[in-house]
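Before anything else, here is the set of structures, which you'll find just below.
In the two complexes that follow, subunit A is the common piece, with subunit B as its partner first and subunit C second.
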Partner chain A sequence: MVDHIKQISAHSLMYRTMEWIRQIGAYTLESIRRMGLMGLFLLNGFLYCVVPPIKFGRIVKQIHFIGLQSMVVILLTGLFAGMVLGFQGYYSLSRFGSDAFLGPMVGLALIKELGPVLSALMVTGRAGSAVAAEIGIMRISEQIDALDLMGLNPYRYLIAPNILAGMISMPLLTAIFDVVGIFGGYLIGVKLLGVSSGVYFGEMSHYVEMADVLEGIYKSLSFGVIISWVCTFKGYYTGILTGFGAEGVSKATTQAVVTSSVLILVWDYFMTSALF
Partner chain B sequence: MRRFDIEIAVGLFVLAGILCLAYLSVKLGKMEMIRGGGYQIEAIFSNSGGLKNGASVVISGVEVGRVKSIGLDTDYQAEVVMVLPQNIKIQEDAIASIKTKGLIGEKYVEITPGASDIVLKAGDRIRDTQPAVDLEQLISSFVFGKL
Partner chain C sequence: MRTNRGPNRRLPARWSGGPAEVSAQAGLGSPGETRTMIKVENLCKSFDGHTVLDGISFEISKGEVVALIGGSGGGKSVLLKHVAGLMQPDSGRVVIDGADLRNIKREELRRLRDRLGFLFQGGALFDSMTVYENVAFPLREKSKMKEQEIRSRVLKELESVGLKGAEDKYPSQISGGMVKRAALARALVLDPEIMLFDEPTTGLDPVIGQAILELIDSCHKNISFTGIVVTHEIPRIFRFVDRVLMIYEGKLRVDASPDGLMRSDDPVVRTFLGE
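Moving on, here comes the complex of A and B:
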């Protein structure tokens, strides 16, 4: 009798352990499946970026939304980032008497790192969330299914224009961010702290190389892809991955912003170490 | 009309962005839009002292050209190739020396013009050179009283 009970409890312990391991396995498989889904989604998106007919009207509309309407945010953040860099750079450089290098410091920091990353984060917050929410609502109100039923490919109408618009807008926004930031650094460094204007720009153009500018452009291009990819993905799979209804859309939007922000910073590290 | 407005706005945005990109790459990145017909001259230095590609070539403090490449020749000496614009003539007895901007600044090549009537052609070599000053050696010889 006692032996029998022991046998059962051992069996149930075994069963529980197996169940626990099974859960880990299921979670891992689910994560991999989701990653594959995201990868295939991006491939599909790229495919419809190059397969005609390309919806130029939609692309222009998305550039207007992602690019132009982010201008105010980009101008403001760029100006203040540059101004703060001017202060900080002057503070640390003047300690060892090399405030002549304020220009290169501001220019390189903005062009290589801060410009691409900060403008990508701002665009994620401003445009990425809206894109995810828009597509998410289209999904839960069955507009995407309607597109499918009419024989219109949702990738061609919704995803590809966003990816292309992201790829076009981000480098331009980053360039604007950089130029405004350099001007902000000029305002603080030259006008307020008294570094000579010729030194500021001369040293900057002496130290900034074409490779640095190209690095910034490559980064912002890839960030443009990441933003539109993650945000359209989260929107597109709203009902399936996060549940239907208003709550599903809010979840999808939050996930879109969080995932793409994290992905931008992680990818930025890899880009920097690859192009170092 | 509404679509038209969006298109104008997007066009303006793209133009502004491209202008900024152009400013960054041409003004700061020194991208050469027009391959101006420059010519190359060489100089052999016994010590290049960490001269870098793209360092400036200066005459009387005026930047006239850039260092194109730095290599080692068969005598284990530094061979520096410089690109100068066509309108700058260098006499064959000119002196090329590697100098430093300030104490810790970067290296550049200074060319002191000569008086000869013979002008260097593309691919010619400046005979008279002065290597980079080794600052550490200078300081140590100063400190240990060998100067």
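Moving on, here comes the complex of A and C:
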């Protein structure tokens, strides 16, 4: 009797272990499938960025939405990020008697790192979420199917314009973020804490090189692709990957923002390592 | 049952008085020949292990309008999306005017879709565009018409569906019936050879529903499309169609003329007819 119970328990344990392994396998396969789907989605998106006819009207409209309409949030975050850097930089540097290097510190931190990353996170929150929601609603209200049935490629009309707009807008927004941030650092360092204006800008121009500026541009360009890729993908596959209805759109939007933000930070690490 | 056909109406042989009459009306060559426009063969589709379509087969001749009826969630819209090439079957095939949708190339599919119109259940109007822009959109993208020509065509189309004066309104500013009519105008603006209607009257009051059906009928008289109408409008739809297909539990239960369906003693059909 006892042997029999032991045998059943062993079988049960084996069954549960096999089921657990099966679930891990299924999850892994599904994850690989989704990554493949995302990769193909990006390839298709890039393809319709270069294959004519290019929808310039749609691109300009998306640049207006992603770029111009993000200006206020970029100006505000840039200014305050620069002002915080001014305070923290002065506090740290003055401990070593190096407060003259406040300008290069603010400039390098903003141009190489904080400008691209913070502006990308802001654009993700403001424009990326809206793009995901808009395309998601188009999907669940069959507007994308309608495009398809008219023989019009949704990648050409919806995806490619967003990718191009992201690639054009992000470096420009980052440049504005950097300039306003440097001005914020100037307000705190020079006007409030008494660092010489000539020293602030002189040392900055001495230590900040073109390579640093290019690093920021490369980063912001790639972040522009990441934001538009992830957000359009999540919107496009609303219903299929996230469920239908308002809840599906809500999930797609949340996933778009979270995935974009995480990818931006992870990709930033890899780019920083590569360009170090 | 259907008596209000125009002189150019092409009716299939089985209920229009024989092959000679068909060929005479349709101009299809020798007597008995009818050109098959839509052919569905042994179509099967499942979602998460639940079989929705289980070996559906039927053919629709050119110029014929067919009603597709069945219970809610019974796979009618899924079948319609297979015919439009928006979904891929698990097995079986859909052939549109000789082109097998399983093997069709992307460019061929695009050309085929130029000949196809689809009225979605919710209209699927682009909500960022006005009614005018929605109807003009296919013309701007698919034709080489000048803006002035597009304008006159769109206004004419909107007038024919009773939407004169609503050109500058957005879909969110008009009623459900107006959305359906605007969507119908958009679907018909390129004079499609095949029209697929997904519950064109659902959610509308009986008067507007009747108006929509009559509108579809008058458009059919004008451009003589081949059509499938997914509907719950039983028996009101019978006056407007040549044939009725009924899907029940994933299978094609009935393929008959409206008269034949009305005479059927199948208990499922009788239930559907409200008896």
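What we mean here is this: the second predicted complex is superposed on the first by the 263 of 276 C-alpha atoms of A that agree within 3 Å, B and C clash if a C-alpha of one lies under 4 Å from a C-alpha of the other, contacts with A are read in each partner's own complex, and residues count from 1 in each chain.
Methods note: a residue touches a chain if its C-beta (ideal position, glycine included) is under 8 Å from a C-beta of that chain, and two chains touch if they have at least 3 such contacts.
Just so we're clear, the structure is a prediction, and the values are computed from it rather than from any experiment.
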| item | value |
| --- | --- |
| Which of subunit B and subunit C A:Asp212 touches, first, second, both or neither | first |
| Which superposed partner A:Gly248 touches (first subunit B, second subunit C, both, neither) | neither |
| More subunit A residues in contact [subunit B versus subunit C] | B |
| Subunit B versus subunit C as contact partner of A:Gly128, first or second or both or neither | neither |
| Subunit B versus subunit C as contact partner of A:Val60, first or second or both or neither | first |
| First, second, both or neither for A:Pro154, with subunit B first and subunit C second | neither |
| Which superposed partner A:Gly82 touches (first subunit B, second subunit C, both, neither) | neither |
| First (subunit B), second (subunit C), both or neither touched by A:Asp178 | first |
| Overlap of the subunit B and subunit C footprints on subunit A, listed as residue numbers | none |
| Interface residues, subunit B side, partner subunit A - complex | 3, 6-7, 9-10, 12-14, 16-18, 20-21, 23-25, 27-31, 54, 56, 104, 106 |
| Footprint of subunit B on subunit A - complex, ascending | 57, 60-61, 63-64, 67-68, 71, 98, 107, 111, 168-169, 171-173, 175-176, 178-179, 204-206, 208-210, 212-214, 216-217 |
| Contact footprint of subunit A on subunit C as seen in their complex | 81, 84, 86, 110-111, 113-114, 116-118, 120-122, 124-127, 137-138, 141-142 |
| Complex contacts: residues of subunit A adjacent to subunit C | 137-138, 141-143, 145-146, 148-152 |
